[in-house]
Structure formats: structure tokens, C-alpha cells
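Right after this note come the structures.
Both complexes below contain chain A, partnered by chain B and then by chain C.
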Partner chain A sequence: MTRTFSRIVETVADFFLIFIIVFGIYIITHGHLTPGGGFQGGVVLAAGILLLLVAHGFSFARKIPEELLSDLEAIGGIAFILLASLGFGQSFFYNILWHEKLAFAEQVGRFFSGGAIPLMNLSVGLKVVAGITSGMFALSLFGGEES
Partner chain B sequence: MNTIRSILAVSALLVILFTFILISFNPGYGLFSFGHPEEKSWRIALYKYYIENGANLSGGANIVTDIVFDLRGYDTLGEATVLFTAIAGALALLRRGGAK
Partner chain C sequence: MISVAAQMVIQGIVLAGIFLTALYALLQKDLLASALMLAAMSLLMSLEFYLLQAPDVAIAEAAVGAGVSTLVLVLGIRKTGRWEE
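Let's look at the complex of A and B:
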């Protein structure tokens, strides 16, 4: 097993991964209140996993479960379309959770507001994390398989 | 086979061109053509409406997320589809034991 970087780099990457993951989850879950959203937070989380990949090298990339990632991406996409089709009484993408005050219907500016928007942020974030992570691992494995 | 395909492609192109010409010579279209003062006032009215009523229409305090996930949701659906297609193509080409 060849080490890409020294043990110091690996430890520091493991340490800072915690803060990157917390920041990404914050951006995803507060997408309807502060700047950000599912796409941006998902890319932040994927950048954290990319830091782990750079620090640990190909031995880490071989341990990734590809089926789990593709399942997560499929779950995110299906949840997004199901949330959009909740409002089929009016139209596609009608925000029925907010207009009918069913769930996530507190005052504007509170955390549980926005109807389907926070749930859509979550599903899109899951989809972006899984998709970009699996793409990165496919690229890195393609480079490392020959050596 | 190739001739049939080229005939199909040329006819599709002609249909698209004909549709654009038909739309742009429609007298109702010129009312909102680019740079027309009427069009400018309508455009300003649209974004003012979004900024003033977006929070009540979709319930989020962040107006960008309101527009992207509620008022213009089809755009986000297309973006997610583009991302999914790109990742699926990359994985199909680069997976372990894939295309040699």
C-alpha cells in the first residue's frame, strides 16, 4: 500500500472534514432562509469528500460502495419529483404544503416554513452529493487502475 | 436509410424555421419584442411582482430559492436531469471493467 501524503495531511483532512460536513448540511437545511440551497450545499459536501480522496489516495477510493451512491441519487430524484407532483390538484410544482398549511407552514422566516421547498432542498442535496461523489470516484479509479 | 434521415432532418429544420417566422410575424408578438417600451414595462412588472409577493407565494425568506424551487420549478427539474445524465454517462464510460 502506497501512501499519497504523510500522516499529518491525512489527520488534518479528517479533522477539517467535520467542519465541512456541518457547513454543507447547514447550507442545505437553511436553503429557504439564507443564501444557498440544495445544489450549493451538495457541492460543499462533495468537496469535503474530495478532500478525503486527495488526502488518502486510491486505497480510499476502492472502498466506496457504488451501489449505495447510485441508490441515494435515485432516491433524491424520485423524492424531488414526488414532492413536485403533490400539487397535482392545481398544477405540477404547486406548493400545496404551504398554500393549504399542511406542513412546514409556520411564519415566513421561521425554520419550518416554505412548504415543500426545504424538502426539495434536501432531496436535491442528496442527489448532488451522490452524483458528484460517484463521478469523482469514477474519474480517480480510472486514473489509478493502470499503475 | 441515410437519405431518409437527411430528408427528415431537413424537413424538421424547415418546420422549426417556419414556426419561428410564423411567430415573429404574428402581430401580437411585436407588442412584446425585445427593446419595445411596452415589453420593458411588462418585464419590470414581472420581477417587481416576484420580489414583492414571492415570500407569500412560496413561503421561503430567500427569494432566490423561492424562484428556483417553486415559481420556476421546471428549471430545477431540468438542471437535475442534466446532472443525472452527465453522471450516468461518466459512470457508464469509466466504471470498473467498463469500456476497454
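Let's look at the complex of A and C:
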């Protein structure tokens, strides 16, 4: 395909990608302590991947198989529902990991606190990354003269 | 803590910036400049959300408005043409 953006754009996108990914992972993993959470961090990560897509052209999107993104999104959704149904002894979404001190049960405000909430943030983040990325890959691959 | 009058002045400046960037994006014939100006509007909007003490919404607005939607618009501009007919 023809190169429409200069080498400067490609280099800057490559350089800033690592910072965007680190920031997105930070937002997801600290979702129960600071503002943000699974959705916001997932959107930040997806924006990093889309930056790569826009800077390097659409042929990049062909290298990633669709089944991989579809499976990742399914894993995220299933993990969220399973974590929510762990507490069926009490009710749906009952945070049994926190109340029974099973895992992530440190004092409130520490990193390993919150019971199922950090794990749910991780699964929501995985689902959002895979969903937005696959949607944008589909948009970039269908139609257009340079695809 | 900032006084109420200073907060009103800051929010007035931010809201005027949102209005001006939106107007520029509306009137501009260069669609790439228009998309980037919409990103600037989103960034000012997230600053306004932060000033109104909703940092969670501010992060979502900055990520979706200034990140993903701008990249989607740039993707569309790369597919079609840069100039409005």
C-alpha cells in the first residue's frame, strides 16, 4: 500500500505506544483504588492499538486473526459472569472473595484488596480491548480504495 | 482551595474554549483539522468534568473522545478524502 504518513509519524507512534499501554494497564489494575476501571483502561489500550493501525496502514490489521480477538472477548465476558456468580450462596454479585477472606482480602486501600472487583476490572478490560479493536479492524478492512 | 469566583472564571474560560473549538470544527473545510479540533474540544470537556469533581467521567471522556473517536475519524479520512466538497 502507499505510504500516506511520514516516517516521523510512524516513529512517534511507536515511541508513545509503550507509554499508552503502561498507562492503560495502570488504570485497569488500580481500578478499585483510583478513578478509572476496566472500561476506561480498556479504551486507552484500544486507542494505543488504533494509533499503531492509523500510523502504519491497514495491512497491519490482516496479521491478527479474527478468531483470536473474538475468543479474547468471549473469555472476558465469561470470566465476568463466573466471578459474579461465585457468590450464589448469598446473591448474584455477592463479593465472597472479600467477605470470606479468600483472596485479594487485604485492608481497604491496599493494592490486593477489594475481593472480586480487581478481577472483574481485568475481565472487563480484556473484553473492551478485544471488542473495540475488532470493530475498528473490521471498519479498516472493508471497502476503501487502498485496503 | 480555589475560591468560588476564581472557579467561575476558570469554568467560563473552559466553556468558551469548548464553544470556540466546536465552532471551528463545524466551519472548517479541512476535515483532518476538523477532527483534531474535535479532539481538542473533548480534552477541554474532560477538563471541565475534572473541575466539576467527576474524575472517573473525565478519564472516560478523554479516552473515548480524544483517543478512539479521533482515530476513527482519521481512519475514515484516510479511506475517503481530506477536503469537504
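In this text, the second predicted complex is superposed on the first by the 141 of 147 C-alpha atoms of A that agree within 3 Å, B and C clash if a C-alpha of one lies under 4 Å from a C-alpha of the other, contacts with A are read in each partner's own complex, and residues count from 1 in each chain.
FYI, a contact is a pair of C-beta atoms (placed from the backbone, for glycine too) under 8 Å apart; a residue touches a chain by one contact, two chains touch by 3 or more.
Everything numeric here is computed off the predicted structure, so don't read it as measured data.
In the superposition on chain A, contact is made by A:95 with chain B only, not with chain C.
Once the two complexes are overlaid on the shared chain, A:44 sits against chain C while remaining clear of chain B.
When chain A is checked against chain B and against chain C, the one touching more of its residues turns out to be B.
Applying the stated contact rule after C-alpha superposition, one finds that A:124 touches chain B and leaves chain C untouched. Of the two partner chains, both chain B and chain C are touched by A:35.
With both structures placed on the common chain, the touch criterion links A:115 to chain B but leaves chain C unconnected.
Of the two partner chains, chain B is the only one that A:73 touches; chain C does not reach it.
Legend: residue contacts after superposition of the two complexes on their common chain; A:27 is shown touching chain C, with no touch to chain B. When the two complexes are overlaid on their common chain A, residue A:54 makes contact with chain C while staying clear of chain B. Counting contacts as defined above, chain A residues 35-37, 39, 132, 139, 145 meet chain B in one complex and chain C in the other.
Residues of chain A that touch chain B in their complex: 31-37, 39, 66, 70, 73, 77, 80-81, 84, 92-93, 95, 98, 104-105, 108-109, 113-117, 120-121, 124, 127-128, 131-132, 134-135, 138-139, 141-142, 145.
Those residues of chain B that touch chain A in the shared complex are 55-62, 64-66, 68-70, 73-74, 76-77, 79-80, 83-84, 86-87, 90-91, 94-96. Within the complex formed with chain C, the chain A residues making contact are 4, 27, 35-37, 39-40, 43-44, 46-47, 50-51, 53-54, 132, 136, 139-140, 143-147.
By the touch criterion stated above, chain C contacts chain A in their complex at residues 55-56, 58-60, 63-64, 67-68, 71-72, 74-75, 78-80.
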